[in-house]
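Heads up, the next two complexes both have chain A, just with different partners, chain B and then chain C.
Let's look at the complex of A and B:
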């Protein structure tokens, strides 16, 4: 995916110098390996800092809501779906956007690579197609890219952007026959007490930093429910009930909107698999209303509409 | 100590189920006194936060009741609510917050006093069978 770097720089240079856009949103290399950072480019002389490799997992659609300028944005499959969600929710206008679509082969999970380095500090990482060569003081290792994909990328079925103005490379082959919900079914099969314990343990390390919320492109409310104080629906302590309320409602708020881009999990400093909450809702929405978030630009999100005959087996 | 009696919070739509509760009373229909009614303008007004708050504060059961589909005073409030509740219901069970039998939904018009009393009895029996709430309760600070 490195070859996109040149294409992104070329497009950014062209769009900025022709004054088609005011800002280009992409990535630049971070100061440590595996950590590219979002980068907003406003002038041509910054363009050469733009960069692309397998560490661009952050969802750039997060930088779009309520912008007033004209922006070009680099969009992987998931980012493009979140752009569709933004368009449906009137967070930005299509004619403000110039979408540089990046057909994607998945982003890598820094945490798993770090774990396998067993405390050795990576100072340099270079990738070539299938492999990632990592080196540091006195060591060199090669990781297989595919093995270290983020868990959401491993089951992604929309790697090609769904909306774009130009593509940065040829479309990639979509993964076929993916089972997206083995983990959800495993939890569903538990008894209710087991499920309760499972989720209690899952969120036990949570420090309520809200990084998962902040990384989420869907979380653009001016006042988040966690910050409301009169009335205060969500307690601010790290009492397990308060923490579970937070996680429950965060997941519920993104029901039918979440594209499983994995940004929340990627952002969590303590490695909580917060997608365990959202994936069940994704599955329900698909089963009940046949809806997949961000794939169809002309269909209202499932909780923003209804059908007269919607299933109601739970209602007396 | 006497036998445990469940506390059940009922969110009833002003235009139908609340009226049905009223009519049930006027008609002298009997059902046990475990239900604490909160009148809401529409089942669509019931925010999931309310339901979580009820459980967090120690409710043993929650019951939400609104108008039959097609009869909403605001035309379609209950139809949006139906989708909201479907996902809420399944997610609450999935996370183990709510065991089966604690959370109930119904459509009851203002003329259906008999149905109201029947469903009320059903809800109370189900919550009794589920037993006292034990999962999702916030410990309150001890006040001397």
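Let's look at the complex of A and C:
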């Protein structure tokens, strides 16, 4: 994935100097292993800070709403789908955007590499094609990129950007025959009590920091329901009732909009698999309406349209 | 009191002796990370840990604390009267706390324990808790304590400092509280010359591995408004998603909110962690928000830690360099980079 770095810099330089755009949103190299920082380039002399590797899992579409300038943005498959959602929801205008599409082979999961390091601290990580070389005090290991993909990337079926102005590389082969929902089916098969316990345990470590919500491009409401104070809807403690209310409602708010980009899960400081909530709703929307979020720029999402023939088995 | 020593094999007995007299809190492995929790068995304490993900500030300033409770029953003569919610202030030992985290409590004291105001719960917990620290032999790559006036073997905030010397632990007793706690334990020996030399070596290599990662002093000299109005904040703030991760994990972030929660005819007044990163934090009743922009909030976090606090208390920065915010910020905003920018001699326009 590192080869995109040069392509991104070249495009950014060209677009800025030709005054096609005012700014470029990409990543710059992180200060710690497995991390890169979303970065806004405003002038040509900053272009060489742009960087790309398999640690660009944060969704850059999150930085677009309310922008008033002409902006170029690097977009993986999922990011481009979230751009489509933004366009459908009037969060940004297409003619303001210059999309640098990044056909994507998946981002890597920092947490799983950390878990396999078993307490050893990585101090340097360098990606080289299919391998990631990690070293620290007195050790060196090589991780196979493919084995350590983020769990959403491992089941991704839209690696190629769905909208773009130029591509940073040749389209990649889409993964075929992927089963996206084994985990959701496992939860569906649980008894009501089991499932309740499962969710309680899932969110037990949550510290209500809202990194999951804030890393998500879909969460752009001026005031989120959890922050509403006049009147206050949700308690702010870490009591399981309050915390679960937050998670359930957040998931419902992204139903039919979530692209499973994994930004939420990646951002969570305590490693909660918050996609367990959103994937269930993704599956429902797919089964009921045959709809995948952000894939078709010219079709209104099913949850903001009404058709007389809409299935309604959930109304009982 | 001179340093004492105990072999690794006998150390659990010490923990057992402490547990017989005190509530003992120690780093416990929960999932993939350690956190400070009350131990019921000696083997739960895992002193081989690197650093806890959440700082131990919650032991003194809990995430959500029931301060008062009250009744709302109509003809109850006590209705509406706040009564202190029951709390446990029995003597407590925090075992294995890192020197930086202990130092952070001292930095927080200036907020909770002043001549004008004492936060009763913070103060009582501080009084009834003895801090038995554990020196960091192998600081993390994200640590920078030595650049902000503390260090991996700093004794400033501790009652006792333990050093893991391989075959056992040395203990340096630092305060009367420390003396009292060590006094109820037995099995210690005197420190041999080899062990004491080893300890010195460990200290040196730990401190050397940290080095001095930036120069904080220029920030103290600089004009506050020059820093406030600096152009680099625009670049610093871009990636930030304004979550609460950095402030919630930080041992020196003390801000809180107070809320009432009512259930039927009973109510609780609760104190909750709050964060300057949240827009609601400064949202006025009038509807005005003096920090409505992300840039203002990001700047506040760094200016508070690195400029306002040092200027007001002459106590160094409100950061002990534990590195938690560096490690866990989802978008890699690194306070070390921010310090470098703030202390750079020329704040050039971008």
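Everything below uses one rule, namely that the second predicted complex is superposed on the first by the 312 of 316 C-alpha atoms of A that agree within 3 Å, B and C clash if a C-alpha of one lies under 4 Å from a C-alpha of the other, contacts with A are read in each partner's own complex, and residues count from 1 in each chain.
Following the convention adopted for this analysis, a residue touches a chain if its C-beta (ideal position, glycine included) is under 8 Å from a C-beta of that chain, and two chains touch if they have at least 3 such contacts.
Fair warning: this is a prediction, and the values are worked out from it, not measured in the lab.
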{"item": "First, second, both or neither for A:251, with chain B first and chain C second", "value": "first"}
{"item": "Touched partner set for A:189, first chain B, second chain C, both or neither", "value": "neither"}
{"item": "Touched partner set for A:314, first chain B, second chain C, both or neither", "value": "first"}
{"item": "Chain B versus chain C as contact partner of A:289, first or second or both or neither", "value": "first"}
{"item": "Partner chain in contact with A:227 - chain B first, chain C second, else both or neither", "value": "second"}
{"item": "Which of chain B and chain C A:123 touches, first, second, both or neither", "value": "second"}
{"item": "First (chain B), second (chain C), both or neither touched by A:280", "value": "first"}
{"item": "Which of chain B and chain C A:235 touches, first, second, both or neither", "value": "both"}
{"item": "Shared chain A contacts, counted only where both chain B and chain C touch the same residue", "value": "235, 239"}
{"item": "Touching residues (chain side chain C, partner chain A) in the complex", "value": "30-33, 50, 53-54, 63-64, 138, 140-142, 235, 238-239, 241-245, 248-249, 257, 259, 261, 270, 272, 275, 278-280, 283, 326-328, 330-334, 336-337, 350"}
{"item": "Residues on chain A engaged by chain B in the complex (per definition of touch)", "value": "187-188, 192-199, 225, 233-235, 239, 241-242, 244-245, 248-249, 251-252, 255-256, 277, 280-281, 284-285, 288-289, 302-303, 305-306, 308, 310-312, 314-316"}
{"item": "Of chain A, residues touching chain C in the complex", "value": "30-32, 35-40, 42, 58, 62-63, 111, 114-115, 119, 121, 123, 136-137, 205, 207-211, 213-215, 227, 229, 232, 235-239, 266-271"}
{"item": "For the chain B and chain A complex, residues of the former touching the latter", "value": "48-49, 52-53, 56, 69-70, 76, 79-80, 82-97, 99-100, 104-107, 119, 122, 135-139"}
